[in-house]
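Working notes for the structure below.
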Amino acid sequence: MGIHEYFKSLSDLEKIYRCPGKFKYEEHSVAEHSFKVTKVAQFLGTVEENRGNKVNWKALYEKALNHDYAEIFIGDIKTPVKYADPDLRDRLAHVEESMTQHFIQQEFPEEFQSIYHERLKEGKDDTLEGKILSVADKVDLLYESFGEIQKGNPESLFTEIYQESLDTILKFKEMASVQYFLTEILPDLLKGEFTNQAELEKISRAILKNHEVEQTFAIDE
Amino acid sequence: MGIHEYFKSLSDLEKIYRCPGKFKYEEHSVAEHSFKVTKVAQFLGTVEENRGNKVNWKALYEKALNHDYAEIFIGDIKTPVKYADPDLRDRLAHVEESMTQHFIQQEFPEEFQSIYHERLKEGKDDTLEGKILSVADKVDLLYESFGEIQKGNPESLFTEIYQESLDTILKFKEMASVQYFLTEILPDLLKGEFTNQAELEKISRAILKNHEVEQTFAIDE
Amino acid sequence: MGIHEYFKSLSDLEKIYRCPGKFKYEEHSVAEHSFKVTKVAQFLGTVEENRGNKVNWKALYEKALNHDYAEIFIGDIKTPVKYADPDLRDRLAHVEESMTQHFIQQEFPEEFQSIYHERLKEGKDDTLEGKILSVADKVDLLYESFGEIQKGNPESLFTEIYQESLDTILKFKEMASVQYFLTEILPDLLKGEFTNQAELEKISRAILKNHEVEQTFAIDE
Amino acid sequence: MGIHEYFKSLSDLEKIYRCPGKFKYEEHSVAEHSFKVTKVAQFLGTVEENRGNKVNWKALYEKALNHDYAEIFIGDIKTPVKYADPDLRDRLAHVEESMTQHFIQQEFPEEFQSIYHERLKEGKDDTLEGKILSVADKVDLLYESFGEIQKGNPESLFTEIYQESLDTILKFKEMASVQYFLTEILPDLLKGEFTNQAELEKISRAILKNHEVEQTFAIDE
Amino acid sequence: MGIHEYFKSLSDLEKIYRCPGKFKYEEHSVAEHSFKVTKVAQFLGTVEENRGNKVNWKALYEKALNHDYAEIFIGDIKTPVKYADPDLRDRLAHVEESMTQHFIQQEFPEEFQSIYHERLKEGKDDTLEGKILSVADKVDLLYESFGEIQKGNPESLFTEIYQESLDTILKFKEMASVQYFLTEILPDLLKGEFTNQAELEKISRAILKNHEVEQTFAIDE
Amino acid sequence: MGIHEYFKSLSDLEKIYRCPGKFKYEEHSVAEHSFKVTKVAQFLGTVEENRGNKVNWKALYEKALNHDYAEIFIGDIKTPVKYADPDLRDRLAHVEESMTQHFIQQEFPEEFQSIYHERLKEGKDDTLEGKILSVADKVDLLYESFGEIQKGNPESLFTEIYQESLDTILKFKEMASVQYFLTEILPDLLKGEFTNQAELEKISRAILKNHEVEQTFAIDE
């Protein structure tokens, strides 16, 4: 029944929780994650612009805001499943895509269909905006796992998520915004006193070394 | 790390909730659903036995208790996705299966491996026990959707789930236990005073008629 | 401690719930509300653009995304209080503003301060983007109250919120996007079968009449 | 609609949670806080009486039971806001007061109005009962923050609240009941084995020293 | 470890929920119930005093505040069990009593023991204060069940609780405060528009008639 | 109203939470506990069978699945109460039994009554299946308390529950499945890195020594 269905569907994203099936001190809905990713992307874009790079803000906001909308159709599938089997991954991506297309054709009036096909497609491409989205998505995931680790969550899964997030961020280490994150933000995150602080710092150093990033954490000084 | 990992994994099923992304008055974990399905299967098996059919109780309990264990690996995938695309469905089933096998080989000592390969495989086969599981799984789903409908849940999804559950149960209408359900249990369920009672009764009649089941609901008398 | 504090603060918005102290079937965090408002604003902006109006997308996204960020400092103050006393309202707005400024000066490096002073200030101004924000904020509030009303919430507060939201939206009835909302979206919202449907339709008609909007609901046909 | 509205409003205090916007292991409603403060005040009053001071029990119970009732009108405003600006604080107190008065005039029959004006006004005055309320309110807040600290809450806010609570309690160090708290209760609270035990003890000693209270904690012996 | 243990135990009452094992739209902790009962008792006592009866306020507050404290030892036992078997009921009461005594002897210094033995014993005796407690306890239970009924809870249990509460209140129909409740408060409660309004009014009339109370509900006029 | 009432009652077990009144990081419903106990019993039975003992699987599953069903009638009574007074314990057991019998007679058709009388009676007898149930019940309780201890729960209650669980398991130390638990599962549970690991290992050793069990934990090697 048109745009009413689309507006109503936004509320479903408040009821899909990330990383189901594991004990967590804090739950995060997909709607909340999308909000935080867009805010982080906004900051990273600002760094890029201040360093002289041209940012297409309209594209950046669209990518960040909509990047997990398709979870409305396909729900929350555990990461190990998603990535266990490259064929399955492709097929799931394909199903997501076709369900999204079907939804747009059914609910959106024709005048908006092509705009929303563009908006709701996969945004993590090779443009600056696509790369900022890739980084922002992982920055929020890193903060989510950090929140669990610093409260003493005994599930090793969260250390693995932290590692995987930092590792992915480092694949974009040439970007000005990633360098800013590594030199100005990460050291503050690791500086606090919390359960597992030393362990987390060690892990972070190892990953940075792996990527041949020379990082002098403020805490060394 | 062996059976400890297996025991610990049981608790993960307490944290996977059924039917994510939709407003519900009550949440049900996969562990709770598995408990209820086993209890329902126990009753249906008793009816079959009392009607003179031989029940392999060991097989029935194993099937019911374990039928959703693989959700530990693959999480909760929305039904429309699961069934939208037969190829995807097969591939997901295949991934579930291979992840289950991998888990058994990694965590279970050799002496238990073949037993657990048998226990954790798909149980909905053509044996009497497999058919009882198919019915019991849908009876619990029917009660879950009924619980939402009678509290006034405005999502039409729950009416669809109710319909689909009853429809599947009726595919087994030759079974003594299904006949018992239709004549002795369903009428009581529909008899109470609740929001949408009349609507639900109408829907139920239509499905029964569709399956050419003559059903005199107690309420008619 | 810089941008780390800013990133961490985003998570606080996941823990501030809207409309405290009243029974609700569904809770909505400020983070979730901000996400939905931005998505709604995106659609309304698209309607404006399709009707030939020029939209400054960067400004629109900034306004929508950040419009409730200051709740981090001041928390959730009940609406009747906020508006009961114009002096208090001004003073609260002033405190919000000065706390926001203080936070930016303390946590943001100088190069980003003026950008974030601009971003975090009140966005509901007389520009097209400011007006879209005013409407989008109320559209989400209208959906929140609608969600309670259709589930049978006995608190009359939610009918009042529905009325107040629709009334505010109608103050912008000259806008192309508001006309779209009134003719294409609102009728679908009121069309469904739910508790209090007739009542809600009556209320909506009365408000529309008040604003001298001729509205033929699809349901009349 | 009279006293029915008043009775119904009591339930709203079950839905206002203290200290919103921060991660907590345990939530406390205003109703629960009010119960605990009244119980603590009862004990502190008993100490005063046993030490020879005259306690007006009727006044003490009225003050403790009702001390946060006005949060029904004004909701939960973050402490830093409340105290950031003395003018604002006064104005908020004024609004609370006038909303309370308005409520009493509207809902209470005339015969009860003056009694409830007296009961619902600010109770923290210079009488013994007013001072016991001030202490009891902070003792419960100290236990709330202690509950977070001993579970490992990484938010430094809870250490600040602990400090601020103890500091306020010590402003009443001449009272017999405060001396009892310092010598008989606080040492037991600090004695247990928990995360951050040593840190909390150090903080407590520093505050006591600041107030020139000689305190030999049982743990020293 | 003394009074610290007592203060800490107050928080346990925040974690014992009333009426476990049944679907409810709203949960109420024993701490919240105790708060509300004390507030209701305060009002009922005020009515008695205004009608010329002498109220021992200290006794009334002590009874109301502490009336469910023993649930800390014995937890939440389902009402049908409690009352099914008079012998069991006596034995449970006896266990509660002896556990309470044991706790007081173990945790309270001698100087406070007799005071707390008095405070924590069963308060529902034949004094005016004891009778006010009996009524106030049922008034809150009546509001709890009313809250479920008006939201459409399909469990008939809540209608039974409503009936049993009103029935018990009517056993005290000679009291001025009960007459006030029946003529001034109950009619307002029944007046609103809500699911099951007519049904609830009918039930209430029947119980009143049973007790030979002539009640003209405001709604008749 | 017959089997419908029985099926509906299963859902009540989803709403009775174990160990009420104490702070816990994770809640477990009776339905979830019953599921896990049945799964653990299944594994322990498999060990017994592999060691050459004959297992009556039908009996084992019936005992495990139904062992806490009677909590539907009697709710969750705190363990200290249950065991404080042997007379009370017997009387509570008697009440449970008679309520269960009454329910069966009222809701079950005659043809199923004797079967369900058998199924719902106390299952912890001296048969191999009864002993496996006793052990499985405590293994799940041990995992529940372990889950709290490793997350840093400051309540000493959970250490006491851990101890009591292990102590009870050791009363069955002659059983093949208990020996398997002690040599193959418990060492893995204690091996991980978590808060209180050393303490828990020490406690476990002391209990094992008490029962004269020589246990070489893998961690020693």
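All chains are identified by letter, namely A, B, C, D, E and F, in their written order; residue positions are counted from 1 within each chain.
The rule we apply is simple: a residue touches a chain if its C-beta (ideal position, glycine included) is under 8 Å from a C-beta of that chain, and two chains touch if they have at least 3 such contacts.
Everything numeric here is computed off the predicted structure, so don't read it as measured data.
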Most remote chain w.r.t. Subunit A, using mean C-alpha positions, is E
Averaging C-alpha coordinates per chain, one finds the centres of subunit C and subunit F separated by a number of Å equal to 51
Dist(centroid_CA(subunit A), centroid_CA(subunit B)) in Å evaluates to 35
Among subunit C residues, those touching two or more other chains are 11, 13, 23, 25-26, 147, 152, 195
Among line, ring, star, complete and other, the chain contact graph is other
Which chains touch? The pairs are A-B, A-C, A-D, A-F, B-C, B-E, B-F, C-D, C-E, D-E, D-F, E-F
Within the complex, subunit D is touched by subunit C residues 11-13, 15-17, 20-23, 71-78, 80-81, 84-85, 87-88, 91-92, 95, 98-99
Per the touch rule above, subunit B residues touching subunit E in the complex are 25-26, 147, 150-152, 192, 194-195
Subunit F contacts subunit D in the complex at 23, 25, 152-154, 195
Touching subunit B in the complex, subunit F uses residues 1-8, 10-11, 13-14, 26, 28-29, 31-32, 34-36, 38-40, 42-43, 46, 50, 57-58, 61-62, 65, 109, 111-112, 115, 119, 139, 143, 147, 184-185, 188-189, 191
